[in-house]
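Structure, as structure tokens:
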């Protein structure tokens, strides 16, 4: 499956924290921590595990730009 | 100013493409291209220029996870 | 590739309208029109064509509920 | 009230799962399950109940396109 | 129609700028300018006009918090 | 740090409700309540407290327009 989302950042799962319905998944992407807030259900369905390779996927319209 | 958004990716502006109202800004983040879709107005106000340092800022709830 | 996004709606491309940077893609999903606003670049890269099968993909946190 | 969001998918509430602050609401939309992640507060205010008619409302800029 | 989105800010339309596909609508909300990026199609369908009353509608998961 | 997000609404923190992973922060913005759904981690890192001044930050592409 190919998707229109412009941003696909390859990383490694650092941490998975499940809440009551919402999970936070942290990836290490080239030395920077990237946090995703997804459903617990998605974590189960993808069988995400700490240490595995995964991608952060982000639609271009959800990216902001900041400068110092 | 400190912001709640969990993801701040440091990069360098590669390309700025202005449309009629919406601009696409590409950053090089650790060798990966990251595209942001923002208003032309924001590009002007931040005085974004190709080659400068900038950050991609992304709220955790806008990040998805994918696996191969 | 498997993705955490909870919503995958199968449809058929009805219409593709490219703007200066942003394209609108309409799918027919079970008789209802679904509009996606994506980059022109994504339309080109996916080689989207009117009439072909495609999916609308939506993160659960981007879905609101309304009642009459 | 009329809203700018382009996508209004009519369905029936299948399941409501409240978490500590965030609820997941599943609708059956023409035979496909659509999941929304909303606040518990919204579920209470709309008095959502399993079996009732409801709509999934999605802004066009939050819809991605995927192809096989 | 009642919607789950938690934020409904009443204002007055200050400016409408249509692009090729995407329009920017500015509202005056209690003296502060609020900008919405929506489809041209939505502007036409809602028959938005400068000077009229309108609301900015924002899902809670799209709001970030910043401090000085 | 300057950010591309077009909307910065100044307010005062009214209420902070932490869930298992996700917190809801309510601001009073010019007499209107604005709710943000953010990570618990962000609440801790920003040291948010009821009564303090804070801003709601919203990307233009996440704002919808509604009319009566």
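Think of it as A, B, C, D, E and F in the order they're written, each chain with its own count starting at 1.
The rule we apply is simple: a residue touches a chain if its C-beta (ideal position, glycine included) is under 8 Å from a C-beta of that chain, and two chains touch if they have at least 3 such contacts.
Here the structure is a predicted model, which means the values were calculated and not measured.
Enquirer: Go through the assembly and pull out the chains touching chain B as well as chain F.
Expert: A, E
Enquirer: Same or different: do the copies chain D and chain E touch each other through matching residue numbers, with over half of them shared?
Expert: same
Enquirer: Upon optimal superposition of chain A on chain F over Cα atoms, what rotation angle is obtained, reported to the nearest 5 degrees?
Expert: The superposition gives an angle of 120 degrees.
Enquirer: What is the distance in Å between the mean C-alpha positions of chain B and chain C?
Expert: 22
Enquirer: At what distance in angstrom does the C-alpha mean of chain F lie from that of chain C?
Expert: Taking the average C-alpha coordinate of chain C and of chain F, the gap between them is 29 Å.
Enquirer: Using CA atom averages as chain centres, what separation in Å is found between chain C and chain D?
Expert: About 17 Å separates the centre of chain C from that of chain D.
Enquirer: Could you work out how far the Cα centre of chain A sits from that of chain C, in whole Å?
Expert: 21
Enquirer: Residues of chain E that contact two or more other chains, please.
Expert: Within chain E, the residues that touch at least two other chains are 1-6, 19-20, 22, 24, 35-39, 41-42, 46, 55, 57, 59-62, 64-68.
Enquirer: So what shape is it, when you link every pair of chains that touch: line, ring, star, complete or other?
Expert: Basically it's none of the tidy shapes, so other.
Enquirer: Can you list the residues on chain A that touch chain F in the complex?
Expert: Answer in residue numbers: 17-20, 22-24, 35, 37, 61-62, 64-68.
Enquirer: Sort out for me which residues of chain B touch chain E in the complex.
Expert: 1-5, 19-22, 39, 41, 59, 61
Enquirer: Under the touch definition given earlier, write down the residues of chain E that touch chain F in their complex.
Expert: Touching chain F: residues 5-10, 24-25, 27, 29-32, 34-38, 42, 46-48, 52-68 of chain E.
Enquirer: In the complex formed with chain A, which residues of chain C make contact?
Expert: For this pair, the touching residues of chain C are 1-6, 36-39, 41-43, 45-46, 55, 57, 60-61.
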